[in-house]
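Here come two complexes built around chain A, the first alongside chain B, the second alongside chain C.
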Partner chain A sequence: MKKVFRNKLVVVGFVIVFLFLVLAVFAQIITKYDPTAIVVEDALLAPSADHWLGTDQLGRDVFTRLVFGARISLSVGFIAVGIATLIGVILGSIAGYYRGWLDSAIMRFVDIMLCFPVFFLLLAVIAFLEPSIFNIMIVIGLTSWMGVTRLIRAEILSLKEREFILAEHALGASSARVILRHLIPNSIGPVLVSATLGVGAAILVESSLSFLGLGVQPPTPSWGNMLIEAKATLGVAWWLTVFPGVAILFTILGFNLLGEGLREVFGYNG
Partner chain B sequence: MIRFIIKRLLGLLPLLLGITLISFFVIHLSPGEPTVLQESMNPKVSLEVKERLLKLYDLDKPIYVQYINWLARIIRFDFGTSFIDGRPVIEKIARRLPLTLFINITSMMLIFLIAVPLGVISAVKKNSVFDRSMTIFVFIGFAMPTFWLALLLMDLLGVKLGVLPVVGLKSIDFEYFNFFEKIFDLAGHLALPIVLSAFSGLAGISRYMRTSMVNALKAPYIYTARAKGLPESQVIFKHALRNAVLPIVTILGLSVPGLIGGSVIFETIFSLPGMGRLFYEAVMQRDYSMIMASLVIGAFLTLIGNLLADISYAYVDPRIRYSKQ
Partner chain C sequence: MDRLLDIKNLKISFNNDFSLTEAVNGIDLYINDKEILGLAGESGSGKSVTALSLTRLLPSTAVISGSVIFQGQDLLKLKTGRLNKIRGSKIGYIFQEPTSFLNPVFSIGFQISEALIFHQGLTKKQAFDVSVGLLEQVHMPRAKEQMYKYPHQLSGGMNQRVMIAMALACRPKLLIADEPTTALDVTIESGILALLEELRSTLGLSVLLISHDLSIMQRLAERIAVMKDGLIVECAGKDKIFKNPEADYTKMLLDSVIKL
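Right after this comes the complex of A and B.
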């Protein structure tokens, strides 16, 4: 753990991510405003002591909406990546351990999935579902497991030939035990790295979807759908355009720095 | 070379089959049959229309029959008709595709032209101030929501400074322009979308170029070249660069799906009549046959992109051509 926090990238990334996490968790305590309460007479106020980051056309406090938006973005990011990682670990370890036709079938499936422009696939599925936070999480998860699958498979292929795994087999351990107790725990480093980077990517996808009106639906604030309103007032209220984007940029930057830092710590290149 | 191409083409067949299979099931597994959707959009859909739809999509038959019939039709490029205006889907896509291809190909060339020199300088002057600032740029580039950057630039260049048009492909009085004014007008409208689309790929590709070049500079043939007493510029540009740039061709091929996906966002923001916006509209209106066709064609374009990358790689590098035969 000490070694992890000696890495500069990890520290910077961690501080940024931690800050957003705190904002998201304590949203209600941090701000006195309601993210969806409409106060018409306060519309489009510039940033001030009362409204730190100004207000939007409906008089809602931008800072409050950003803080509540952090909840949405972070939970979409974490859950989508959780789903993707789970699928990836299961399929990847089956492919890598059992090889044979199962391996070929799974890897061809990965190849085919990678042919689709992810955004097309996402939109196609969402077109037939109600765009809700819950659906967004699942759909992003279901369209982003391919990288982890390849990663885990490669890890397991190389681990499988190592002495401690051969010894385990010689001792008569079952396949399930070898996979669950030895192979997967030993590939945790790369998985952690790719999951951390994945959270940033998922947040970017969610905000793009919400920006297109196919993600988190108003009045629930999300960084993406706050920018729809910004587009409508382009040139009028800079604070509506600047702050949600900065929030997205820094959150993703935080996760990417953390991920790259962890990659350096684990000494793994991929 | 011919043999290599034929082999690669044959290898695409199972992938194509897989693409159609996934597209078909993605849409059929979603709740909401197309007939239901049609009805929900227009309550006046008569029983007769519903019957016709059922027949058109074989929705009364088992699902594998539906798939085989659909496959048989799309092999002949018959993707059915749009639910919105009844025109053939393939015709609508064919009209919108050139613009999307133009934007993406131009931005790919832009990426290549900018990323290669950046990567080379970073690699040659490793750990210099330039290299360090490039690293920071790459981190920001990876984290940048490009649709936000688009908004900022629209605000700055379009609204505040008024130097570039921000929406559409042509000005209102386009018809009255002479040839050069027309070109200039189109270029103005396309400048932001192309630059932004290139920006989203720049960070990654310049990073790859740097890594590739760093590795190339460590190769034994570089020691040989230096030992022969070649000037450093020749070592870098003739020996290292030529080898380092090869993998970038493949990476550019792999970036095709991202670019095509990104065109949904850019074409929507800038109101450009390309395939991305067509797809977005189809999604908003739940135009079933249009969505299916766009999915298949989007994936198909990716395959073509990868194939072209492979072929050009094989063309410039005989090692690939012969080892894979």
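Right after this comes the complex of A and C.
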């Protein structure tokens, strides 16, 4: 643990991510406004002591909406990556451990999934489903597990030839036990790195989808739909576009720095 | 005397798409109850492959034929699930390079307890207590403290004691020791051999001791089988092997032992 926090990238990334996490978790305490309450007479106010980041065309407080948007973005990021990692770890370890036709089948399926441009696949799927936070999480998760699968498979392939795995079989451990208790814990490092980077990527995808109107639906605030709503008043109210943009930028920067830092600490490439 | 393990006409080859390598070409070997059998031979002679084949620990490219009768069952024909109940609980293994045969991400205590939990159904707490006892039995100093250590924090000799404790956790009938001291210093080697001798008599173990080093055999083994190129060239009592060897290869092996 000490070694992890001696890495500058990790520290900076962790501080940024932690800050957004605090904002998201304590959203209700941090701000006195309601993110969806419309106050027409306060429309388009510039940043001031009352409204730190100004208000939008319906008089809603931008800071409040950003903070509540952080909740949406982060939970989409974490849950989507959670789903992707779970699928990836299960399929990857089965493929790497059992090899044979099962391995070929799983890896060819990965290749097929990788052929699709993910974003258009997402658009197509969302177009059929009702766009909601819940669907977004699942769909992003279901379209981003391929990298983790490859990663885990490669790790397991090399790990299972290691001597302590032979020793474990010699002790009479079942295959399931060897995979769950010995192979997966030993390959957790690169998974952690890819998951951290994945959270940033998932948040970006969610923002893009919301920007296109296929993601989180108004009035629920999300960084992406705040941007699209702000587009109409771009010439008058700069604060409506700049702050959500900065929030997206910093969150993704935070996750990427954290991921890169962890990669350096664990010593993985690629 | 009762035969604990009876190997008949064991043949092992490794088969891949390009070639077939014959590692063991039909050997017969038996181990009596409470006996130490030495299996000697140069590297590549098939000793380790033989040892691993007994409980089918070889990779799936290995083709094994013959029979290995252990307590009335042919281990080569047993279903993997049944075999898993014998591995570790009736037949224990210790290997050459102790540090790399231990899982780096788990503590010593976890690894010793593990087999106790899944073979004997002990709770974590019970397994912990038994494990401390096992570490004491293999003369691990400050056994309780060591339970929380990781393999990289211990020396090779200490890790070998941990492996022996793991192998003996479920009180096996047969211990297969594949070059147990080759990776260790001579002084530590002597300690480990003394430990094996002591455990054999206190626990009534049979041991299949595999080594290229005849001086180890002289100290521990009662009978010695000499292997070369996948065949057993000679198998006899210790005294006969050392005083009156028949096969030329045995004589050569004896001549190559460094004398002080």
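Everything that follows uses one rule, which is that the second predicted complex is superposed on the first by the 270 of 270 C-alpha atoms of A that agree within 3 Å, B and C clash if a C-alpha of one lies under 4 Å from a C-alpha of the other, contacts with A are read in each partner's own complex, and residues count from 1 in each chain.
In this text, a contact is a pair of C-beta atoms (placed from the backbone, for glycine too) under 8 Å apart; a residue touches a chain by one contact, two chains touch by 3 or more.
Predicted model, so just to flag it, every value in this text is computed and none were measured.
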Fit-or-clash call for chain B and chain C when the two complexes are aligned on chain A: fit
Touched partner set for A:Leu21, first chain B, second chain C, both or neither: neither
Which superposed partner A:Trp238 touches (first chain B, second chain C, both, neither): first
First, second, both or neither for A:Val11, with chain B first and chain C second: neither
First (chain B), second (chain C), both or neither touched by A:Ala154: neither
First (chain B), second (chain C), both or neither touched by A:Ile87: neither
First, second, both or neither for A:Ala230, with chain B first and chain C second: first
In the superposition, chain B vs chain C on chain A residues touched: B
Contacts of A:Leu44 with chain B and chain C, given as first, second, both or neither: neither
Partner chain in contact with A:Ile252 - chain B first, chain C second, else both or neither: first
Lowest inter-chain C-alpha distance for chain C and chain B in the superposed arrangement, angstrom: 18
Footprint overlap on chain A, where chain B in one structure and chain C in the other make contact: none
Residues of chain C defined as touching chain A within the complex: 52, 55, 57, 81, 83-89, 92-93, 95, 97, 100-106, 114-115, 118-119, 163, 166-167
Of chain A, residues touching chain C in the complex: 162-164, 166-174, 177, 181-182, 185-186
Chain A contact footprint on chain B (complex, rising order): 14-15, 18-19, 22-23, 26-27, 30-32, 37, 139-140, 142-145, 147-149, 151-152, 154-155, 158-160, 257-258, 260-262, 264-265, 268-269, 279-280, 282-284, 286, 291, 294-295, 298-299, 302-303
Complex contacts: residues of chain A adjacent to chain B: 108-109, 111-121, 123-129, 200, 204, 207-208, 211-214, 227, 230-231, 234-235, 238, 241-242, 244-245, 248-250, 252-253, 256-257, 260
